[in-house]
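Starting off with a structure, shown below.
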Amino acid sequence: MSLIALDKLVAGYGGAPILNGVDIAIEASDIGVIVGPNGAGKSTTLKAIFGLLTVTGGSVTFAGQDITNFEADRLVPLGLSFVPQEHNVFTSMTVHENFEMGAFIRRDDLSDSLDMVYEMFPDLKAKRRQPAGELSGGQRQMVAMGRALMSRPKLLMLDEPSAGLSPRYMMEIFEQVVKINAAGVGILMVEQNARQALAFATKGFVLANGQNRFTGTGQELLDDPEVARSFLGG
Amino acid sequence: MNDFIFFFNQAIIGGVVLGSVYALGAVGVTLIFGILRFAHFAHGDMMTMGAFIAFVLAGAVAAMGIAFPLPTGFIVVPFAMVIAAVFALGIDKGFYAPLRAHGAKPVTLLIASIGVTMMIQGLIRLIFGVGTYSFFETQPKKLIRIDLPFEGVTRPISFSEPQLLLVLSTIVAVVALHYFLTRSRLGKGMRAMADNPDLAKVSGINTRLVVRVTWVIAGALACLAGTMLALDVSLKPDLAFNIVLPIFAAAILGGLGHAYGAIAGGFVLGFAETLAVFNWAVVLRPFRDALPEWIEIPNTLSLVQSEYKLTVAFVILVVVLLVRPTGIFKGAST
Amino acid sequence: MTMRYITVFAALVALIVGVAMTMGSAFTMRLLVEASAYALIAMGLNIQWGFGGLFNFGILGMLMVGGFAVTFVSYPVNHAFWQSAGPLMLGQVVLGAAIGAVLIWFAHRVQRFGVTGAARGAVIVVAWFIAYVIFRSQMDPAANYITSTSGWVGGLGLPVLLGWAFGGVLAGLIGYLVGKVSLGLRADYLAIATIGIAEILRAVIKNLEWLTRGTLTVSPISWPVPNPQFYQANGADITTSFILARGGFLAVVAVVVLIALFLIHRAYVGPWGRMMRAIRDNYIAAGSMGKDVTGRQLEIFVFGSVLMGIGGAILVSFVGIYDPSSFQPINHTFIIWVMLIVGGAGNNFGALFGGLFIYMVWMLSEPLAQSLFTTLSGWSASQGWGAIPDIETRAVQMRVFVMGLIVAISLRFAPRGLLPEFIKRND
Amino acid sequence: QDATIGFLGGLTGPIESMAPGIVAGAQMAVDQVNAQGGLLDGGTLSMITADSACDATGGANAADRLINSDNVTAIVGGLCTGETVGGAQSAGIPGGVVMVSPASTAPSLTTLDDNDLVFRTTPSDAFQGTKMADLLLAKGINDVALTYVNNDYGAGFANAFVTAYEAGGGSVMANLAHEDLKADYRAELGTLASSGSMNLVVLAYASSSGQTLLRQALESGNFETYVGGDGMVGDDLFTGVDASALEGMIVTRAGAYEGQSADVFGQLAGEAGIDAGAIYAPQAYDAAFMLALAIEKNGSTDRAGLSAALREISTAPGETILPGEWEKAKELIAAGQDIDYEGAGGNMDFDEAGDIEGVIVELVIQDGAFVEIGVIE
Amino acid sequence: MASDTVIEVRNVSKRFGGLTAVSNCSLEVARGSITGLIGPNGAGKSTLFNMVAGNFPPTSGAIIFDGEDITGLKPHELFRLGMLRTFQIAHEFSQMTALENLMMVPGDQPGENLAALWFQPGKVAAREAEVRRKALDVIDFLKLGHVRNELAGNLSGGQKKLLELGRTMMVDAKVVLLDEVAAGVNKTLLNDLAANIERMNSELGYTFFVIEHDMDLIARLCDPVIVMAQGEVIAKGTMEQLRANPMIVEAYFGGPVEVAR
């Protein structure tokens, strides 16, 4: 039984469906990476899982439980966590408060998690009292990631976490992702820095026009010339 | 000396009381704006409604023949607040929730709130008619007069018990709200939702609950404000509607979404109104002898005629906004 | 989409016909004239809010200014004033004001002479104060003199249509100043600033007895077309005279409205409208894309204000009396917002419809409420529970309730207005 | 045949709390007419109310509805002068409809060019202002602090008072307008008190600013004597004020002038169960009753000729008609005899401007109620 | 004076309250070059851009554009002088269609003037047609043809970034400032974009000033490359030179970009 499984998912924003029949399955031990052209439906997929738009067909199951069309705030307690691609920080709240919000469902002591996050992004230590809206693009990205980690998820969903990060931080983040996964947290991420990401992905999915194009291990996709040419920029 | 006490009674006490009235109204406005991001025009009439609820309760209590050292209207406020909160929830469910569901713009909600305000006004007048009521028909309003122990001082410092209560409850309400919003978990959750509803959900915040809590607090605050106002002045169907503009002015002047801003804004306006029309000749009179012959203190010496009282308040409002475009405390904005 | 337009306007026509049937055509004519004026005003607001996203809640001020303009231009000349020393004294006032202005002008430039920072601020404040004192020292006696000798300055005795035009111009000027001052502010802060300025205007106009007769009201204000008395003099019976006269008035207003509609719509669908929507959407990006944000917003603000001014002038000259105390935020600012939002912000036809529709409802809500509640009380009486006390007065109070209900319902079912802004799909 | 008259007035807005009493007064007249055999051979008289929110535009619209869609024969109203003028200008005068206002007291109505269509059954403020001035001077009150509600009523009243008072040697230490309907007037009161006078004259409405002003004046304890105009008469004045503090307050108002007609009215009102003392109720009664008489006299529900008929029935010569004496009047008119109505609020002899001399009475507050002292000479 | 530096930044600093985002930083961009600007997150790159593009004034220092001092000028004035910029966080006009987003850009549209719009419909229409044609070309090139009538607010993250870039292609500007256009754009498409940027540079003589974290792109396009850190310029040179500089590698690249499991 896989940690999360999308079965023939059909979803959209009210108009014509954007996703028509997407299949994705991830184990707790997996790092799943979704790649594809702009507008393929990658973010839509994640949003659909997280109840930010209505699923009109197919189903989403998490650890055996059917969570299709659950409201987002019901998913977090189940152990899902999500970093959206855009608008992914509370701009008017300080960095610290952003993290607290990430841990909203937790009532226990947060200090260890906070230490963990600040250690992961030392730059943010100095800015903990600064409104996230005043951060640089990359710093926002770090805050967003940190927020998601605060809830101690079972499944972590990241939409282009490396966008806007310096190469150094991109690596940093990818290493962290691997670490977190090693700690038993399933990862499902969308990436445009596909080569680097697929390098450590255990599962890779290529989406185009709201449908699965290729599926396999990261390595398989990297080696597939077709994929490389039309999705990974040769 | 008497003249200075006169100044104190007029300018200082007057300003503080008026400021508190505005602040107490503004804190509710600022809360709704801060969380739900729209200017809730019906807040004024929710205040009036709350006052009438309290009035009915007070009547009932008085009918039972129970008397208190404090004004009965004040004693029953907590209960009135509960009822008002329920009303507020109902109003939201009936008129605002559907619009939010459609993802309506803030201005649409504002206009809807104008509709609501009209309905409340109509109902209040239908039920209570157009007359004036007072909380002090059964018990007298306590006037506090403090004589100062200097010789030659005849004029006492004077204010009324309701005014004292008004100022106190304003301070309590504002401070409490401030701590709730900035310290409590739910309070922060509310701010998070105001900032970015989707992300708030993604963080596991139950936005529906947040909205409900907001309305409960807002309704209660409105009731408190209305009742305190009615205790100080008197209870009429148009009690708060006539000061809803200054109340909004205060909220915005202070910086929308900031509890303390309400106080700041309210007091600035309150004092502006009071001092602008204060007759400074009074405080000069004591020095009449000191002054050289040719200076003749005119009978009235105020900055503007009192027709322009409100004007002064608004001039100040505009000027302050020009210097600090989002209010004294940097406020939120849609 | 077009279907929607047809149904909506058909419904409106039906409503008008219905009203004419039940309440007589003379009264309906009046409704239409005033409704059209309000429609014009709503269109003005649509320019400001619908196109430009400018939160103007100071409409009342513009209407008062327009009303004053037409009063001043068209009211007969008050010779008592012109023969008195009044004009001279006013001249001195202007002089005083000029001196004050010069003072302030210099004060704002003291840094040239090395005065900076706090010192400069102080100088400026002082300058303003002195200017204020100079002005008051000239103004107050002049005002007292005029009110005591000749009552007020009176009018210019020029044609009314000129007055309407002047209403537009004056409102435009005021709009320019208001915009200059407050357009730096965003959304709600702009809203409250404009409310503030409108309240200031109101207080001033209401209290400048020497100029506006303040609360003593000015009447009669003449019409651009023959009035009922004229037709009666030519032997028409009273009802016909009303219909003819108001018909004439309505025709003039309709022409104004249609011209305005045509021009506005042209502007909106063209690149101008596109630019304005861009500024509304994201002024930072618009600026970086070469659009002069503040300049353009000022343009919009003035454009809208002009229409409001004309509308205000039309209303006043139609009613025939200028009564500053009858201008209230609720029915000269908020009601217009209701019109626009219910009609459909960003859509000129929405504004037009909203103006006509809401004004009718507003006017009809009273008889509606009355009949509703008198029947209610009659019924309760028949049930032996006794009639509602003071039923006439209380029933009237319910008009606001009815109005509110209608607003709430129509928003409930058409949150973006009955004729929403529609996205132009380019091709 | 049946006849309808309209009632035009600010049922909402600043004077909304006075309106019910006034409407009741007019309604009482209508009921009497119908009770005593109706008018124009057995027709019934009915009254339609229209709200004009105490402002000119509202007045224009409401009057227009009454005249053009309800086709009333004549109108009682408006109450605020603004609404009367507005209604007359845009509908009444062009429509040739007689309007009799029971409460518009501003001088500006006198000068209105109305080709004899606009009347009022209450004396102009100019008149009351003078009387009040005389009264105060007679009482030896030689300095006052004056505040008036900033509308045509207040302004007109205040001007008249100040002129007369200063002419009579009194000094107005402070004279300032205040906006209606505000919750707080402490600032204004401050200015007034600071003028040094301990005598406060308030020309405003009991239901709104007047009451608030008075209460806050009492709380401030800066004044000794309180004086008010007709607008201050009304029990609203006592809500939330301990009446004992108001003891001895001086009020003037258009009189239910003494003489039997007033007593008769009081008695009738008592029977009808309405408050005869309600401000402007007698004047409203007179307006409605006289319009009924005029219609009867005119012999039809036409508007034409009504104003002439109105003058006929209200002025000498002729047999005196007192309030309630509808049947008698009806017979006399039928018999072609001349009648002269003596009203509850005066003898109702209109001058050419359509105003009445009327009388101003002095009232004082004694243990929580207005007590009438008598007509001011 | 036609010197061959278009943009010169002279000891510019920017302070936000306590924090100094850019401190006393000077650099030059040569006419006709594609100059890269790299540096760790929070180095002050975007802040510098915002000052150059007039979005906010520097706390101190001067900015020279084409030989004239433009410090404190408004963005729209700079646009007229021929400077265009994109935003790191997409600033689309969300309530307008993708096509309109592009069509609003050209500055010399007679239809933006009411008088012309009302009284010279012919002239307006002609220009409008031109603008539309141009916009359609750009939108197809960006592979956004199928969403050209979609509200820009409804586009995907990457599509918005593409729109940002598209705007700069609507007019012939002297200088284009690109703030991380590549972030979130699919690599395959990015190759075409890079090619196009090179074309605009070589054929149309555009000068590009590019902030990027995508080293391959920088390496492909930019010469020279300027490195910022803590608000200061710490180095300038070709990509090879910089890669050879251990300090920069340490501060910025942080070893080979490969993560092994």
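So that you can tell them apart, the chains are marked A, B, C, D and E in the order they are listed, and the count of residues begins at 1 in each.
Rule of thumb we're sticking to: contacts are C-beta pairs under 8 Å (C-beta built on N, C-alpha and C of every residue); 3 or more make two chains touch, one makes a residue touch a chain.
Computed from a prediction, not measured in an experiment: that's the story for all the values here.
Common neighbours of subunit A and subunit D under the contact definition above: B. In terms of C-beta pairs in contact, the better-connected of the chain pairs C-D and A-B is C-D.
Rounded to whole angstrom units, the spacing between the C-alpha centres of subunit A and subunit E is 28.
Per-chain Cα centroids separate subunit C from subunit E by 45 Å.
Once the centre of each chain is set as its mean CA position, subunit D and subunit E turn out to be 75 Å apart. One finds 36 Å separating the Cα centroids of subunit B and subunit D.
Multi-chain contact residues of subunit D (touching two or more other chains): 16, 19-20, 150, 177. Shown for subunit C are the residues in touch with two or more other chains, namely 206-207, 390, 393, 397, 399-400. In subunit B, the residues that reach two or more other chains under the touch definition are 129-130, 305, 307, 310. Two chains count as a pair here when they touch; such pairs are A-B, A-E, B-C, B-D, C-D, C-E. Here subunit B touches subunit D in the complex through residues 6, 9-11, 14, 17-18, 21, 129-137, 140-141, 143, 145, 156, 158, 160, 229, 233-234, 236, 238-240, 242-243, 273-274, 276-279, 281-282, 299-300, 302, 305-307, 309-310, going by the rule given at the top.
The residues of subunit B lying in touch with subunit C in their complex are 33, 39, 41, 95, 98-99, 102, 104, 107-108, 110-112, 114-123, 125-126, 129-130, 245, 248-249, 252-253, 256, 305, 307-308, 310-311, 314-315, 317-318, 321-322, 325-327, 331, 333-334.
The touching residues of subunit A, counted against subunit E in their complex, run 13, 36-39, 43-44, 85-86, 123, 134-142, 159-160, 163-172, 174-175, 178, 192-196, 199-200, 229-234. Within the complex formed with subunit B, the residues of subunit A that make contact are 50-52, 71-73, 75-77, 82, 84, 87-93, 97, 100-102, 104-105, 147, 151.
Touching subunit E in their complex are the following residues of subunit C: 263, 266-267, 270-272, 274-275, 277-278, 280-282, 284-293, 299, 303, 423-427.
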